[in-house]
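Report on the structure given below.
Should a chain be cited, it is by its letter among A, B and C, assigned in written order, with residues numbered from 1 in that chain.
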Amino acid sequence: MSETLLRVEELALHYRTRQGTVRAVDGISFDIRRNEALVVLGESGCGKSSLAKALMRVLPRNVAHQGGRVRLGEVEVSALPDERFRREVQWSRLALVMQASMNALNPVVRVGEQVAEPLRVLHGWSRKRALDRAVEVLELVGVSTDFLARYPFELSGGMRQRVVLAMALVAEPELVILDEPTSALDVLTQASIMNALKRIKRELDTSFILITHDVATSSELADRVALMYAGQLVEVADAARFFGEPAHPYSQMLMASVPRLRQRTRPEPIPGQPPSLFDPPGGCRFAERCPYRFARCAQDPPAFRLGERHRARCWLHAENEGNPGGGR
Amino acid sequence: MSNREMAETRSAGESPLLAVEGLHTWFELRQWGFLRVGSVRAVDGVDFALERGEAVAFVGESGCGKSSLARTLLGLHRPTRGEVRFGGRSLGALKGRELKAYRAEVGYVQQDPYGALPPFLDVGRILAEPLIIHGVKARAERERRIRAALEEVRLSPAEEYLSKFPHMLSGGQQQRVVIARALILAPSLVIADEPVSMLDASVRVEILELLWRIQQERELTLAFITHDLSTVRHYAERIFVMYAGRVVESASVDDLLDHPQHPYTQALLAALADPDAANATRLREVPAGEPPSLLHPPAACRFHPRCPHFMAGLCDRDDPPDFEPRHGHRSACWLHR
Amino acid sequence: MMGGRWREGLGELRRYPSALVGMAIIAALVGLSLYTVIAIPYSEALAQWRGGEVWQRHPVNAGPVWLDRLTGGEAPRTRTVSSEAAEVESRAFEGGRRLRIPLAFDFDAGGFPSEMNLFLRAEGHDQRPFVRLVWQTPDGREIALGGHRLGERERIALSQDRALERRLGGLVPHIGLLADPRREEEPQVLPGRYTLLLDAVVFDAEASLTADLVLYGQVHGLAGTDHQRRDLSLALMWGTPVALAFGLLAAVGTTITTLVIAAVGVWYRGWVDAAIQRLTEVNMILPMLPILVMVGTLYSTSIWLMLGVVVVLGIFSAGIKMYRAMLLPIREAPYIEAAQAYGAGNGRIVLRYLIPRILPVLIPTFVTLIPTFVFLEASLAVLGLGDPLLPTWGKVLNDAQQQSALYNGYYYWVVSPAVLLMLTGLGFAMLGFALDRVFNPRLRSL
């Protein structure tokens, strides 16, 4: 199997607010291999966007605590000072497509120029050279050369999303983080963007982290799935395992709650609500909604290893393997 | 007996609750406030009838006219042409008191639950507003109905929610308040425009179940508008698929999802996946191009520029009529000719 | 109707020290206003400010007492030596009486009085009495101040006796009479007991004669006096309720009407909105101050008329544009659409759904708007368009300006009203900015 590209250990990001400290990312560990797509799945408010921000170091000013180790290839990027991180990692090795960034394109710069811009800033390429490269990347994401000289407002939502994608890919990063790249788009547009991503993944050596709340979308790209709940990863597994036989009760219930087009089983809602990130309950954070809750759930479960590269943070699996993985 | 069976056994002579005939809702584009430069044909020739106690879904992508249709049915837009008849009376003829009475008959559930609630009013006051407007003067009576509505949408105990402001509630709770408000005037028709698209996966099902249960209990007519076919199966009896201002296909839910007839519906279904690890390795078939501009829609069949079965000289020349390729299953496509 | 939000917001205000200081200043101003209105009724204030007789025992252009305290000086206060306390000698003679009234006092202040007047009341006389005045100094000199035939009420302006001034070696009498004769250069007070002896002849048995010698101080009261001897504290105190009322009424009047009109335009769109916008644009290029000056010059400078004009001109102001911009997105809010769908009428939507949505954002603007109107009123008064009757801060400034107060060194005359104006501005601004942070979450750092 191919080498590990990104290793994240005990990543944490807490915010300071007037109401108290929000533990948006609270000790997250995972790794990604080269040309692998990891989907971070979670409901709104589970901290999945903060995870992206923490990896990319696009942080708001009210960060109360930031911790953990991030290793990209051979480089311990979490140890780099901000300036070096920006120069050596951001865009060139690690790119982020933020949520709704298709609406954040500069309205007065032509599409081609916008895609070429990162190259001119990062590598100091000439306009001509950068534009040539931009054309290549735009074609890769399915934007024809006719659109090069257009302004963002002349493009449909789907086209703008492709442009944003091209901007992220133009400097050939090793890892692209996509935060809800299709959630604002129509069904057919969504499908064709996902098609484009699949094609890119096949053609380039790029790895992806796809952040989404939509289970069906997540299955469109995932080699692996990491399910996030209340600031923690509750299960990390290969896609086949996760969509076939999820281990964590929350994973199982989430899968059962998804309305399906081709099956007649009625979806089952998950009772209750996720806990507040201000003051998450001690012990298992899902315990309150869990039908299998038992005494040990009052303690914080470690991530148990259920197989090679399969972990679940649930006491039900303590006996299965008896081989705690990362722990807390 | 299920609703579906009831609808079938209903006597043929009974008039439908809502009948829509040749409905067009166009928005005129004007320059400098008076110069007409064109019309956006949001709804462009739609016919259907909803029976009492029936739950139907209108499905389509953004810009297909489904929300404009909803607003026309709600009396928020005037039809440009055609007619909406409610209980036998034409909506266009209603004025003043009659229009107000019609508004009590039609409940409205919107997409964005937070935006749908005035942020400066508490839940009790939000629910009191429709009652006050419709002349429920006695405070005790209002309180009784507000409590009943909150209990009905499973926000209990009601006291806990009465004095809360919308921002203190979760998205699902906000949407429950919106539903309670839509129900508080005891309407016979509820129009739900994308009621769950802004909610989380686990909350979506809760809200859909709630709407479904209320529809069953109250024998409401429910028009459920969505872009997501996968949420339709268990929560509607009939589906209308809309494209570029028109209904292209309509059938019972199972028939439509299992045997889609119109090429557009087929494309929509092909683009949608149920969660499955195999999805990641399959490219989906997506028709080329984008939904047409409603300002200058394509001639004849609106889908013909994107259609894999395009027949030159036919699809781009004559509007396809509604064919009935299967029993009770209508599709506006020349393929069925 | 909107309890929670407000209570929350106001609770949060406590976190801002500037808000507390602002509120303290405003509370003090309001307290002063209430006290003033109760202690000095409106009509009385008007009557007093008209000037004249009531003030004749006040010094002209005296500074405030605290100023003297501050500089450690011993400037004399105003004092009155009354005949009621004097031992009057009376000797009858054929057809009349001779009265000797000694008005004795000790004088050892650090400075000379600013003026000296003698007030005489002769009541019940058929024939006017005659009085001769003699000034006796501590060192035994006697200076004759001449004789006067008295009317019923007489004011003998000793300070303005030119002949006496010449006799005193060119020193004005209120200095010369009290100065130490041994010192030639800078006159110095000769401390000791002085007596002004009134030697009067009255021709009626029943008649009475009383006298008050007033030695006007160099400082007076908390605020000093103006050129008309009026106590400035009256104007400064009464200026407070007037300023607050003017500011508040103008702010309320313009904000509410502007808001409602903007909301109506936004809601109805079409020609209603167009008309409101055009009217606003025309009004925005009309200069407010010249119009006020014209109204003041040609019609009346009554403060209430000015208030009316300010409000009327303020309605179709830039505020309409601002509120319109804030209301336009709200018009499209789903909750408005929902309200239409459940049958809310136009009026209800404008008043109950559109306007309340932006009120929290407007409160701070409203609070900071109050002092701008206070300043406007003051500016008008300085331009000579102040209310002709009411004492206001602006009018004090206007008087000061006309009397070249700063040139003449009467700084207090300008400083006290200016400080009050600044305090008002500061108080409302501090509260307003804090409110802005509370109610305008975009400005709030998390």
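By our rule, a contact is a pair of C-beta atoms (placed from the backbone, for glycine too) under 8 Å apart; a residue touches a chain by one contact, two chains touch by 3 or more.
Quick caveat: nothing in here was measured; it's all calculated off a predicted structure.
J.: By number of C-beta pairs in contact, which chain pair leads?
T.: Counting C-beta pairs in contact for each chain pair, the top pair is A-B.
J.: Quick check for the class: compute each chain's Cα centroid; which one is farthest from the centroid of subunit B?
T.: C
J.: Can you work out the whole-Å distance between the CA centroids of subunit A and subunit B?
T.: Using C-alpha averages as centres, the distance is 33 Å.
J.: Averaging only over C-alpha atoms, locate the centres of subunit A and subunit C and give their separation in whole Å.
T.: Each chain reduced to its C-alpha mean, subunit A and subunit C end up 68 Å apart.
J.: Mark out which residues of subunit B touch at least two other chains, giving numbers and ranges.
T.: Within subunit B, no residue touches at least two other chains.
J.: Hunt down the residues of subunit C that sit against at least two other chains at once, touch-wise.
T.: None at all.
J.: Under the touch definition given earlier, write down the residues of subunit B that touch subunit A in their complex.
T.: 61-62, 170-172, 200-206, 208-209, 227-231, 233-234, 257, 267-269, 271-277, 279-281, 283-284, 286-287, 290-291
J.: State the interface residues of subunit B toward subunit C in the complex, per the touch definition above.
T.: Residue list for subunit B touching subunit C: 33, 71, 74-76, 100, 103-104, 106, 108, 110-112, 115-122, 125, 129-130, 133-134, 163, 165, 178, 181, 185.
J.: Mind listing the subunit C positions that touch subunit B in their complex?
T.: Subunit C reaches subunit B through residues 1-5, 274, 333-335, 337-345, 348, 353, 356-357, 359-360.
J.: Which stretch or stretches of subunit A touch subunit B in the complex?
T.: For subunit A paired with subunit B, touching residues are 37, 43-44, 156, 158, 186-192, 194-195, 198-199, 213-216, 218-223, 238-240, 242-244, 253-255, 257-264, 266-270, 273.
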